[in-house]
Every structure is written in structure tokens, then in C-alpha cells.
Amino acid sequence: MTRAGLLLAATAVAASAAACSPERDHGVVLWHTYNGAERDTLEELAASWNQAHPDQELTLVAVPYDAFADKLTSAIPNGNGPDLFIYAHDRIGAWAAASLVEPVEFWVDEPIADRYDRNALLPLAYQDSLWGLPLATKSLALFYRTDQVTTPPRTTDELIAMAPDARAHGRFALAYASTELYGHAPWLYGYGGEIFADDGSLHVATAEAAAAAGFARKLVADGVSPAETNGQQVATLFGEGKASMALSGPWFIGDIPAGVPWAVTTLPTVSATGRAAEPFLTAEAVLMSSRARDKEAAFAVMSYLTDDPSAVLRARQARQVVANKAAYDDPDVAADQVLATFRDQLDHTVPMPATPTMRAVWRPYQIALQEILRGGDPGDALRGVEDEVIHGP
Amino acid sequence: MTARRTRPSWLGVAATYAALLVVTAVVLYPVMLVCKKAFEPGRQFALSASPIPREVTLDHFRALMGAHGSHGELLFLRHAMNSALVALATTVVGVILSCTAAYALSRFRFPGRRAGLTTFLVVQMFPASMLLLPLYVLLDKMSLLNSVTGLVMVYATTAIPFCVWTLKGYFDGLPRELEEAARIDGAGPWRIFFTIMLPLARPGIAVTALFSFMTAWNEFIMASTFMTEETRYTLPVLLQSSVGQYSADWGLFAAGAIVTSVPVMALFYVLQRSLVGGLTAGSVKG
Amino acid sequence: MKTPARHRAQLRDWGAATLVALLIASAVFFVHRNREFRAREEGRARAAALAVARGEPPVGRVDLAGVVSPPRASAAYPFLRHRSFVEAGGDGAARELGGPCAPAADKLVYDAAGRFEAEGAFAGFLPDGSGRVVAATPTEGGVAVAVSTPPGGPDAFPWLTLIGVLGLGAALAGAGSVMGGAARPLGLALGASGLAVPTFLWGGALPATLIGLVALGVAWSAGRGGTDRFFGALAAHRTALSFVAPAAVSMAVLVATPFVVGLVLGFYDHDANSWKFVGLDNFAHILSGGGKAFDDPGNFWFVLGVTVLWTVCNVALHVTLGVALALLLRQKWLRGKGVFRMLLILPWAIPNYITALIWKGMFQSEYGAINSLLDLAGLGHGVSWFSSWSTAFTANVVTNTWLGFPFMMVVALGALESIPRDLYEAAEVDGASAWQRFHHITLPHLRPALGPAVVMGSIWTFNMFNVIFLVSRGEPGGSTDILVTNAYRWAFERDEYGMAAAYATIIFLILLLWTVFGTKVTRKEAAP
């Protein structure tokens, strides 16, 4: 389908969605943090919605990511918030506890739920309710420079074996955000570690987690990966050829400078355990404010933004790893190897925990990783994480 | 040391120039890295420490200027105008409020004066990030959310403590003879304030004006929290929008940072004539 | 005092006391009225739900009422729970709730059933400001739910009552004044405490006593001439106060109000949506160091030490560099002053978010500019700046000095301008050395303008969040964190706003002590 055809289809679906909602006088306001192609696509979708629904105008408001959560928590309880907003699923726990978000399972029946990849929908369920509809998923995968790497490693042993050659060329084999839990998570879960036990209690200081941290330390000590790297430096190292491979997500596509030959594949298996390295999965979703003025209309928009034609448009133009399954039947989307890889990776991911406690874990875990990478004892450092999460900084 | 009519030894001159050049170089290096990023293609910072871009492009500036909202409006222009309006209004309101208060605190003796002075200082010691939510509720109750007035009032009051204290310092340093003379001539307190005190305190006013302007010009958290329509954002909000959760468009940010700092430099250029060299020794002696 | 003036003073005092009383009474009225309204309407909805539960038609104005079935979880998606609904007063047929086209009103009863299963029978207003009330109560075969709309809003403000009470009070005060002697304060006290009666009815003994105390206080003060002196002072300092008023009022509203809220929150514990008063617990937890050793970066006293050191280093560097550059830029023979000045304020002009990150990049161990430079100069190789406390702290201080000195320079430039040049000429004639001139002329003249800048600068540095957050991020091990970054973490990583507010209050108290001490010192030295 051409882009014009897609927009037409989107408009047609948008029009049919209206069939069940009566005439309204107030529109739907949606807050998002998108920029670049994602923003342009969202605006296109909004425009075609508005064409079909002059009486339910969809207004988009871009809010900087850094201010988004604060703005939301200030605005919604005071009745100034949006009707809908787009955000990753990992804050759902806190927002549900504070009654900022509206559960939506009321409007969702099996045919709607079937539209989405299960991996993308399940993270949006929290405490027996569904809190949004998934737009796209984000997770890490293995990017590699095709001018430096011919066959990407399938196991961590293969990965480590590539280091001496890379070193000889004055570069690192792999760059990843080694000091951040988000970057470290693939090893953590690949070694069988966890953050929360099945009953939801904190379970950080385990032998498996210590082994994973030990592995991360070995990567740095053996010169496989550079020390003290954050996400931003990963992009620079990879772009300038100082790292042959990088762990990063879909956003990385825009970060790679033009002219760099690259490809992406799924993460390797952890040789010590035989398990796949499993990165965090975040589901980016449209969520409804508990104070949405017209909830029926708001849900119609949610459904519209996540339906098949919209998803195809988002996958093609913004290269989102869309959660809608039917979108991948579109020949253009199906031909996109990058999206296909990220979709394959989905089967080996761990949804980022949505419980409010998780937010208190990031920072102590980061401190612990830094300590471990500098040679600290993994067991002690991880016990320190538990201590800080429970007792506070 | 400064009023000599003769030049000091060549050693002193050379040392002064050397010191200034070294400091300026250190100051400029990070700025040049920002410039480099603004003109170099790509979103990420380069590894190389050289401040010279390898390749020059205006893409980031084009993207910045060309950013448009959902109705096709040019966001950059809108936001720049909002910023200018908010910052200039903040400067005017902030300077007026602080000048009057500082004058009274400097020249009149009234009960509560010292307590007032301390209060001006004390209330801003509470970390600002903790006050965001109460302030939001307050502005909401006063219907000042999503309005330029609300933002200007918040910024102006943020700037007041420093401005009041600084201006009070300047007023304290001014001789009282001129006022006494004017009073004997029958001038009222407001007239004395406007015609005598304000012109004399020009360097102080220049400092506080610059400060008030900066308070409003580079602020981003409150501007993005209190404004609920995208067309009412200010420039820093537009810049911050290029920073996402996982990745940021640093090229765009750098270009925006350069553009944002130009008006500040221009204002400083205008103000520096008041800031330095505005007074002669005689006029102060009175 | 002349008689009419005396009566006027009596009425004036009565007016002042009544104004305070009126504020208290109004606040109490609104609290009382809302509570009453809430209880009444929740009761009405509950009654409707109970009627539905008994199988009777619901009483009162009800939008929607009926019985919701227990949930049937979808096989494929356990979080999709289907429910059916039998509307009260309908044909008794059950209909499915929910689905993509379901009306919004149905969702209220659907959610009410869910809430009932989680927390039992309840009645409460919807949070959407529509004024509707939802109640749920158990019944056979599910949950009886009623959604009701109040017939009207809460009671109106009782203007008539208040006018009556105020008129009576004014009359009493006036009568007291006419009678004179002991009747004068008695009339004032009685007249001003009239509002205590309706307040007692609305809010009980506590606010009523408060109003009585205000009235007694004013009457006592009036008897001793206190109110005369107060109002006399107001009149005498009319000009001064009118100069201060605009700034004072805007500060009181926009700065002091949120500030007081912040102070109060420190005594509460925040969990999800509820606030619980916990007294001094938060403070005790913080000040005890959370049970950690003194050299642990998690201990409050350790962080305080780092914060103080951070502030002292920065402010000292800002001032030294700023004043030194301002002095250099003042040389008459210097060429390109304007250009130097413009270039030197650049760090202040550019948004510090990006420059702080540039500095962070410059300190990067493998490719950073600073290590390249050190390498070039043979001073060291591959320094890992953020792996030891002293280097990480240095990196923070260097960045913040770079960001902060232009401000001090501008202040110093302005302050230097107010020094009459003939003072220097005179000093030179007297044969004073450069140091003597600096010490005896420049420094004393810089102090009045630089003093406040130093005090302010230290307050800002003490609370400087961005640099720490963007440059060292607390590395290594949180040891370069300062108090305000800790407060931030309590608030925005853990949602424990009470704890964060307590932190902020402690920061405030420390700064307050410092300023009271600091300004005393500057004042003493500034005195000729």
C-alpha cells in the first residue's frame, strides 16, 4: 500500500470507530515525548483522525521527556492533564497507585487484545487490570558494523574470542552501557539472576546476579568493552568505529552516522548457562488519564492509534517496532530486517518491572555496577543495592 | 592600580594579556565543542578533542528553524517570541519590583526592615524542585497556568531576592547629599527615586536586569510544566525536546544552544555600557 | 485622646480583629460544609445501592443502578474480566458490560464492582469533579451499585448570618467605647469574638477558642496602646511600605506560600495517594544517618560534609576568579575589553544542560579532552576521573567553576564601577602600594555588592543539582552526592515526598544558620 493509501485506510478506520460514539463537543488531548520521524507520523495520524472526526478533535502536545512525568503528576490530579498520553509501561505501577491512569480492560475484548503481540500487551497488565494499548516495543539488540564484523557472535564465548583481534585494530569488540542496569540486564537475566522474585519481593543479591556482574567485569578487564560507558558514549564509539558492536535499541538507528555500514541481530547466548541474554522490554503505550473528559472518545483514539493501518504507517515511517501483529503482513514492513530482528528479540526479553519499587532500584544498581567494574566484590555490592532500596539513600 | 595615567611596565601588560588569553581559551574550549557539534552532521558528540569540525553543515540549524507544530506553525519562531516576551517582561517586572523594595530597604528605617531583608533571602533557600507541585496548585487556583503572566510572575519573584540585595548594596553605596538637596527643593520620595536614585544605580540595575533576564531565558522545567499548549512553550523547552529517554539529538540541541545564547550576548553588549564606564567620579561624589 | 478619635480607634481595632476572625471562620465553614455535603451525598448513594441490593427500586436521584455480576476472566487474557449487569427498574435482563463501543456510564458500575472486590463496600465521589457519587454494596449474585447525582451543590456561604454577627459585634464594640472605662476593652473583646459562635457550630471548640483568643489579645493590646502604636507606625512609614509592598506581596504569594507547604510536608509520610502525619520521624531518620557509619556516603552527616566542602570550594573559586578578571578588565590601557567581557560571560549564556554534558565528556577517561591534554603534557595517562572521590569531586568543581564565575565577574564589574577613581588617585599620591589600594579601597567598596552575591551564590551552589547530576552522577558510590541530590532521589525515585520535604527543610535550616551568621559578618566588616 502506498502512503496515501495507508492514510486513506487509517481515515476509513477512524471514521468507522466513530460509528459507535455519539457526537461530542470536546476533543481529545494527547501528550507525547516524540520527536523526529515518530512525531511527524503521529501528527499525520492525528490529522487523518481529525479529518474524519471534526467534532472530536485530537490535539497533540509534545512535552520534553525530562519534564513529562512531573508535569503529568502535577496536572492530572488538578484536572489540567491530557486525556491520553504516550509513555513506556514501566511507570504504570506508581501511576495506578496514585490513580493517575484509567484501567481500560472495560473496552477491550478478545478481538482487540488479539491485535497485539502478547509480549507487548502483557506488560500493560498490572494488578488484574489493563492500563493501556501498546504502540511499540523497545529492547536492546546487537548492532554490528559490517565493515568490521562478518559473522556476529552467537555466544558470549564467541564474543570474548573476538576481542584480541579488535584490540589489535585499536578498537573494542563491544560497547554497551555497562554501568547502567538497563545495559547490564541482558547478562543479569542470561545468568538466571533477577530483581524481583516471583512473589514480587526484592531479590537482587543472588549468586546468579553476582555471576552476571562478574561476567560484566571480565568484559571490561579483558578489554572486550570499554570501562565507564553510558548510552550516549556507546553511540559515539560505534559511529566512529572504535567499537565493532553495540548493544542498543531501535532509537540507535537514528544515532548511527550516515555512511556507517551496519546490521543488527539478536543477542548472543550466555555460554556459562546456555541461556539467551535477555534485555529489558518496555512497551510504549497510549494510556488514558483517570480524569479524561470523554473516556469513550479517548478510547476510540487509543484504538485508532494502535490499529492495523496506523501501525503500518508507524512501522514504515518512524520504524517503530510496532506491537500490532497484522502490520508485519505489510510487504514493506515485512521486508524491514531491522524490525524483524527486534521482533525476534522480543521472545527473549524480560518486561521491565512496573512496580513502583523498581524506580528505586536503578540508581543503587548503577552504583553497584560501577563498584564491581572497578574491582569491587559483586556480592557485597549487590547486598548494598538491597539495603538502599529498602532503607533509602 | 587602575587609575594610572601612565602605562605600567611591559611585564605587567604582557602578564595581563597572557592571563586573559589563557582564561579566555579555557572558557571558550567547551563552547567551541558545542559549536562544533552544532555545525557537524550527526546526532552524537564526536570522540575527537579537536574543536574544529571535520565537516560543516547547517542541517541542525535548518531542522531547528523548520520544526513545526501540529498545525504547521513554525515552532521555533513562536517559542523564540514567547521566550523574548517572557524574558523581557520578567526583566521589567523584576527590576521594578526590586528597585522599589531595595530603595526602601536602603533609605527608610521602618519596623520589620531587617526581618524583611532576611525573609527575602531566606525563602529561596528551600530547594526549588520541592516547590514545583505547590506552586503548580497555586497557579492553578489563581488561573495563571498556561499564561505568560503566570510564568513572568514566577520568574520575577525568583529573581527578586538577588536583585533586592544587590540593588540595596548599590543604593547603600550612593551618597545621600543629592537626595537631601532634592528634598529641600520639595521633591517627593517617588520623584527622588525616579530622577535621582535610579540613574545613579545604573550599574546595579544593569546587573540585576541581566540576572532577571537570564533567570527567565534559560529556565525549562517550569516553562514546560506550567504551559499546557505547545505554542506557549519557550525556547529552552524546544531544546529540551530533543533529549529523549534513551537517545538525544545533540546536534539539534547544540544548534539551539548557540541560537539561544545570541540574544543574551546581545543584551549583555547593550548593558555593558551601563555596567562599566557609565559613571564618572565626580557625579557620585555629589 | 479626643472622643471621636477614640471611637474611631475602637472600631478600627475591632475591624482588625474581626478580619482575622473572619478568615478563620470562613476556612472553618468551608471545611465543615464540604464534609457535611460529602457525608450527605455518600449516604444518599449508599441508600440507593442498599435498595438495589434488596431488589427495590433505588431511592433519590440516580443516574444508573443495578447489580453487577462477578468477573469472568478471559481464558487467553486473565486481566480481561467480563461482567454482566442487570439494571434496577429495568426488564430484569442481563447485558454485557464493556466492549469497544460501550457507553462511559457503564464503566462506572464496572469499575465500582472491581473496587468493591478489592476493598469491600464503599461510597465516594468520582474524582472527575462531576459531583457524581458511586456506592457499592454486596448482594446476591454480585455487587449492587448505584451512581447518583446530587440535587444541588453544597450550602452557599452564609452571608446573612455573618452580616448579622458582624453588625452586632460592631455595635457591642461601639457601645463599649461610648461607655468608656472597663467597658471599652470588654466591648471590643466581646464584639470581636462574635464570630466564635457560628464557628463553634461549624468546627467545634478549637477554632472558636482561637477567635476568642484573637479578640482578647487585640482588646488587651488596645488597652496598653499596642494597636495605636501599630497603626501609627503603619501611617508613619506609609511611603516606605508602599515602596516595599509590590515585591513583598508577590513574594508572599508565589514564594512564601509554596515554601510553607513544603515545610509542613516534612512532617508527613507520603504513600501513593495518602499523607500520614508522622511528626519528627522523617527528621529523626535523616539526622540519625539512617543507621549508617559516618564515612558511609548514605549517612546524612557525610553528605553534609561533602556539600559544605563543595559550596566553599565553588564560591571561593567563583569569587576569586570573578573579581580577578573584573580587575584585569578594568585596566584603562587594555584593548579589546568589550570582546573579552563578551567571551567571558559565554558559560553563563549557554544553557548549562549541554555544557555540563560537554564537561562530562571532557573528563571521559579514554577519549576525553582533559586526559589527552594531561597525556600531552606528560602529567598522567588514562586518569579515571570518576573512580575516586577526590578526582570526581574535582571534576564537579571545575565544571561548576566554569559555569559560575561569569556571574561573579559581572557583579564585580558593576561594583568596581561605583568606586570613584579619584580615591585611587589620592591613594597613589599618598604612595600606597597596589596591594594597599586593593585592600583599603577596592575591597571595602566591593563588599556591599559582592556580599549579597556571595551569600546568594553559596545558597545556589549548596542546592546546585544539575552539575552533580550530569557530571559525576554521585560517582564513586554516591560519595559526591550533595544534600539536594539526595532530596531529589527521595522525591522522584521513591515518591516519598515527605522525606524529601524533610530533607529540604533541613537544607533550609542549615542555610538559614549560615546566612544569619554570614550576613552578620559582612555587616560588621562593612561598618566603617
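The first chain written gets the first letter, and so on, giving A, B and C; residue counts start at 1 in each chain.
In this section, a residue touches a chain if its C-beta (ideal position, glycine included) is under 8 Å from a C-beta of that chain, and two chains touch if they have at least 3 such contacts.
What you see is a predicted model, and the numbers here were worked out from it, not measured in a lab.
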Remark   = If you tally C-beta contacts per chain pair, the winner is B-C
Ask   = What is the chain whose Cα centroid lies farthest from the Cα centroid of chain B?
value = A
Ask   = What chain is most central when centres are computed from CA atoms?
value = C
Request  = List the centre-to-centre spacing of chain A and chain B in whole Å, with centres computed as mean CA coordinates.
outcome  = 38
Query = Measuring from the mean C-alpha position of chain B to the mean C-alpha position of chain C, what distance in angstrom results?
reply = 24
Ask   = So what's the Cα centroid distance for chain A and chain C, whole Å?
value = 34
Key: Multi-chain contact sites of chain B, meaning residues that touch two or more partners   = 45, 47, 133, 220, 240, 243, 250
Request  = Return the residues of chain C touching two or more other chains; collapse runs of consecutive numbers into ranges.
outcome  = 361, 367, 492
Residues of chain A engaged with two or more neighbouring chains = 70, 242
Ask   = In the complex of these two chains, what residues of chain B are touching chain C?
value = 1-4, 7-8, 13, 16, 19-20, 23-24, 26-31, 33-34, 45, 47-49, 96-98, 100-101, 103-105, 108-111, 113, 116, 118-131, 133-135, 138, 153-154, 156-158, 160-162, 164-166, 168-170, 172-174, 189, 193, 203-204, 206-207, 210-211, 214, 218, 220, 236, 239-240, 243, 250, 253-254, 256-258, 260-261, 264-265, 268-269, 272, 275-279, 281, 284-285
Note = Within their complex, chain C touches chain A through residues 74, 76-81, 97-104, 106-107, 110-111, 114, 127-129, 272-273, 285, 290-291, 298, 361, 364-367, 384, 386-387, 473-478, 481, 486, 489-490, 492-496, 499
Ask   = Which residues of chain A touch chain C in the complex?
value = 19-21, 69-70, 79, 94, 97-99, 103, 105-110, 112-114, 121, 125, 128-130, 226-228, 233, 242, 290-291, 294-296, 299-300, 303, 356, 359-360, 362-363, 366-367, 370-371, 374, 388, 391-393
Inquiry  = So in the complex, the part of chain B that touches chain A is made up of which residues?
reply    = 41-47, 70, 132-133, 136-137, 140, 145-146, 220-221, 224-225, 228-230, 237, 240-250
Key: Contacting residues of chain A [partner chain B, same complex]   = 33, 35-36, 43, 46-47, 59-67, 70-71, 73-75, 78, 80, 88, 138, 231-232, 235-237, 239-240, 242, 249, 251-252, 254-255, 257-258
